[in-house]
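Labels A, B, C and D are assigned to the chains in the order they are written; within every chain, residues are numbered from 1.
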Amino acid sequence: MKAAILGATGLVGQRFVQLLNDHPWFEITALTGSERTAGMRYGEAVTWRIETGLKEEIAELTVQPSNPKEIDADIVFSALPADQAIGIEEAFAKAGYAVVSNASAHRMAPDVPLMNPEVNFSHLKLIDEQRHTRNWDGALVTNPNCTTAVLSLSLKPICDRYGVKSVVMSSMQAASGAGYPGVASLDIINNVIPFIKEEEEKVQRETRKILGNVGQSAEFNVSASCHRVPVIDGHTEAVFVQTAKPAKPEQVADCMAEFSAEPQELKLPSAPERPIIVRSEQDRPQPRFDRNEGRGMSIVVGRVRRDPVLDGVKYVALGHNMVRGAAGCAILIAESMKSQGYI
Amino acid sequence: MKAAILGATGLVGQRFVQLLNDHPWFEITALTGSERTAGMRYGEAVTWRIETGLKEEIAELTVQPSNPKEIDADIVFSALPADQAIGIEEAFAKAGYAVVSNASAHRMAPDVPLMNPEVNFSHLKLIDEQRHTRNWDGALVTNPNCTTAVLSLSLKPICDRYGVKSVVMSSMQAASGAGYPGVASLDIINNVIPFIKEEEEKVQRETRKILGNVGQSAEFNVSASCHRVPVIDGHTEAVFVQTAKPAKPEQVADCMAEFSAEPQELKLPSAPERPIIVRSEQDRPQPRFDRNEGRGMSIVVGRVRRDPVLDGVKYVALGHNMVRGAAGCAILIAESMKSQGYI
Amino acid sequence: MKAAILGATGLVGQRFVQLLNDHPWFEITALTGSERTAGMRYGEAVTWRIETGLKEEIAELTVQPSNPKEIDADIVFSALPADQAIGIEEAFAKAGYAVVSNASAHRMAPDVPLMNPEVNFSHLKLIDEQRHTRNWDGALVTNPNCTTAVLSLSLKPICDRYGVKSVVMSSMQAASGAGYPGVASLDIINNVIPFIKEEEEKVQRETRKILGNVGQSAEFNVSASCHRVPVIDGHTEAVFVQTAKPAKPEQVADCMAEFSAEPQELKLPSAPERPIIVRSEQDRPQPRFDRNEGRGMSIVVGRVRRDPVLDGVKYVALGHNMVRGAAGCAILIAESMKSQGYI
Amino acid sequence: MKAAILGATGLVGQRFVQLLNDHPWFEITALTGSERTAGMRYGEAVTWRIETGLKEEIAELTVQPSNPKEIDADIVFSALPADQAIGIEEAFAKAGYAVVSNASAHRMAPDVPLMNPEVNFSHLKLIDEQRHTRNWDGALVTNPNCTTAVLSLSLKPICDRYGVKSVVMSSMQAASGAGYPGVASLDIINNVIPFIKEEEEKVQRETRKILGNVGQSAEFNVSASCHRVPVIDGHTEAVFVQTAKPAKPEQVADCMAEFSAEPQELKLPSAPERPIIVRSEQDRPQPRFDRNEGRGMSIVVGRVRRDPVLDGVKYVALGHNMVRGAAGCAILIAESMKSQGYI
């Protein structure tokens, strides 16, 4: 299948390029960029910031404008900034494309699935309603923001087995989450920035939409405090959970480690063998050593222990913000859509 | 008054040296070290890791063994490691010295005041009981661990005005908290370590002792998750507080900004004019820009906002872990003791 | 005397603000900015990135456009970008102002003194020629680029005593040298960037102009390789020098340590007591511990040793790129000009 | 062939484990450690600091003492500290083992080949002399220190084509070069350390031995200045070369890019396709993006330009200090030895 990447020169766009490069189902056929870069060689237009390097055949592609009429693709991945995403993504869906977007623009729209495939695979069926309502043949599906992707996956087995009554989450987020050039070195070397614009609001509402039923957010509350730390890739999250039923830390660790869902059953190409890897060492997970587990699609959880305040459990979760938290998640969504006949 | 520093070559010992260097009341007369360093010039024995440099006259002092008989001092500051602190500090107190310790060894002993002077000045009176029970003329008083020093000070005005029912705290702690050589660069560059040995237990129990009454810990629960980040100095803490009475974020910010206590009234030399500085910018406090407020003795609080889970407030607090969280706090304790006639 | 700062919101502009804040001779009366910021409060227009904080009375000043007619000042400090500096600085000089510029625009002009006051104080007299040639009452004087400021000062005593035949220099430069936002964190965390635009050319020609006579660059060659490292402030330079006369490392270290020049004799306010501090430890200088020597105006040299290739000496020099290498140097130039009656 | 790793728990030992894990010729059969770790499971004895993780089957091996009688191996890789290496490596060679060592202990011994296979493959024949002189059946061969491995490889094609008269080199070295725990975070975050014990001496003498003939060091001089920067892996080197014959930068870049040697011709498993990759971008090589080229066995060179002082060329070279500069180089040496019948 032919895949286009909208906003391919940004950091998330680059991750799409990297992850689709050897993909068994999807082949990159179009890369779009801003007016400034349209017409340039991709290799010239992009400031490539991924450590594994850019393949020469991709570098040779010509950057196109984000115009549905000029693109040849079966599936469209959007790494557009939120403000541009609104109009462009709708235009593509209206033109019949299946659009999977990393942008926040449409995430909370009632007829747009906000998908983290292992967590809410069944929400895909919202596409039928969307097609009906919006009267288009295309589709518009979104992935969650990077922090929510990690958090919601870690919560899923607890929700299923013990129920969740409330969640407090404090994040230590990587610089790559802010794109490129993004965070200035003078702001983050030897420093912590205790603020990421709109991030807490996104985490608080997206987590509930993903873990809820179609059309109905989950009933528990989420309180987030989001912080930027001097790390290139990998978001670390301290999570405190009040469970509905009593749950011992070992039980929670076990249900996380055993967790598996539709993407694993369907053996989707980007589905990690184990969505959640639980480590027993007292000092893990750590971004530098754990972010690439499951080729960046697994999250790693450690330090599952009793929480004396919420009368539940607390733990530390880590995931690769650019893979599980962005491009990788979107690709897994596309694979899920294809497996269900939506593409 | 003559001041001795036990364990003066370590990182906290160095801070004592730096802060006492121009102190109006205390003059450094003795520095002790391990068997290896005893007899050496201090300048030779120490790997000085403070950016402001070591004064030549201090560098010339000879390191002594930690033996009460060989020390000439009115007040003794201890920066000993916990395992050595137990015996040595008691020996000094027994020999009649007033000992103010940064070590964790005696913090939870019922007859040892665990002091953060602006928070629990009245706990000093426990010294009377201690002298009676232990039958000594000296005194043994401790400061809290660095994370608790910041947390308990930030909570104090909330406790007073609205009452506290529970606290969740997630920290992003500086490397200097682990001493020198401490955290290996290979462990922390481009990384987060989500574990600090015994730190969470210390925070959870010390906070309650400090904010409680003499002999009775406060009744609320504290849940801590402690993490090390690539920052040299300055602990950042995301704090979530359930209050007893309804409290709006602006009210909490105001009561923090207005907070002042005995050390301010007594104009103790190390007491910062404002113990808590509240910043209104959305991205403060930050360790690199805020850790030296009040010469490291003020904490800086920002982002005071409503907490949807605990039905209270959440905020970010920052303090200099080596000053307010260690040597500076101990010196303020000594000043408090002197002001009350305990030295 | 009244001082204006052109381009006051940038990083060098901020350093001018910080250093002039308590200056005994100069008082800040005007701050200029871009069209975007003109009319705003300075505190609002600036993203203050200096750790010591911005004084409230300066924050209250209104940012003005860089127009000579609207400025009230006796001396004008320019922190303008090079492209803007050309026209604006000339306009100010033409209007009769004494302009001391940190911009590279006019540095190599034959009738513009390129000053590092301890190195080439006598070059000030070029102002007379400039006034004559350009037919203006003002003056236009520049400081060197940050790397050259450190290098040329370290070379001066060697030039005087032993003569210099050639210089190889490899730098490890701080991120602040690139301004704000400047170097992206994704480019420099856990990385080195072995390139700084036009820096090597500047070092190679400015060093020779400063160490030469008026109107005639020094005859030795300089070869520079410039690199950016993950450091906030402080440029470290590995210097290899071929001397004209045989010079032992100890002799070179001594002549550096003893070095003193006109600014010291005149006791100019910003002149450090010792322009060059020589450290004998084997692992100094280091940016974090040495960059603030002499309030950032001293350079620190260490590891003076024989060079087996150039048959001379090699050493490591360090200086604060924003103080000695930028605003501090410019202020010392202004003090020098005032002392000689040029203002 | 069976391979033993001496000193397998250290950082270089870990790299041997990682690189030998899937090696087509060598299989790990023995891991040795200190008295403290002997008898422990390797997974328990080691603080694994490589990002790709430790395979379970290796983790299960039992650490043995470094005793030739207890080891079952055809080839022995030594990652021992220099002081232990002297006796132990000789004992192994005496017992008939082929020892390839990363330790500095024997590097300069006249009858010990100091090998960087693409540079001085022919030096292998010194083994014959060594066996005769030392009267043993084993062999003792060493790799260069990490900085020299990169430098000497970059110089080889220049030596061959244009001749080298002198070399100045200034390094920016990664923290991993100091082992684990190695460099303290308090020493290197936001800092540069301009000193690495004995490193400059090693670079100056080892480079000449490698680029010379058997028994005769090359006649040019090398001057090194070595510095530690906040980078995990990858040494960056600014190199200034005086050539014997005139050489234009483009010519030098071409001869580097075309360079290939015996390991490539013999298609040795660890030989990178291109030993030297020349990049034309103005800001490369960079450790984070280039250190893994050729699976860490290629060096990357950029910025080849004229040097005005040495009347030759200057350039920046980068290599993975733990692979090309340590374990990878040693493995390539072993492959070279096997190809020539020395094992």
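The rule we apply is simple: contacts are C-beta pairs under 8 Å (C-beta built on N, C-alpha and C of every residue); 3 or more make two chains touch, one makes a residue touch a chain.
Predicted model, so just to flag it, every value in this text is computed and none were measured.
Student: On the document's contact criterion, could you list the chains that touch chain B and likewise touch chain D?
Tutor: A, C
Student: Greatest Cα-centroid separation from chain A: which chain?
Tutor: C
Student: Using mean C-alpha positions as chain centres, tell me how far chain A is from chain B in Å, no decimals.
Tutor: 41
Student: Just curious, how far off is chain C from chain A if you go by their C-alpha centres, in Å?
Tutor: That pair's centroid distance is 47 Å.
Student: What parts of chain B, by residue number, touch at least two of the other chains?
Tutor: 189-190, 230-232, 288-289
Student: Please categorise the chain-chain contact pattern as a line, ring, star, complete graph or other.
Tutor: Graph shape, chains as nodes and touching pairs as edges: complete.
Student: Which residues of chain C touch chain A in their complex?
Tutor: Going through chain C, the ones touching chain A are 11, 49, 175-176, 180-190, 230-232.
Student: Contact residues on chain D for chain C in the complex?
Tutor: So the residues of chain D touching chain C come out as 166-168, 170, 172, 190-195, 204, 221-223, 225, 227, 229-232, 236, 238, 240, 282-289, 302-303, 307-310, 314, 316, 318.
Student: Considering the complex alone, what residue numbers of chain B touch chain C?
Tutor: My answer: residues 51-53, 189-190, 232, 288-289, 292.
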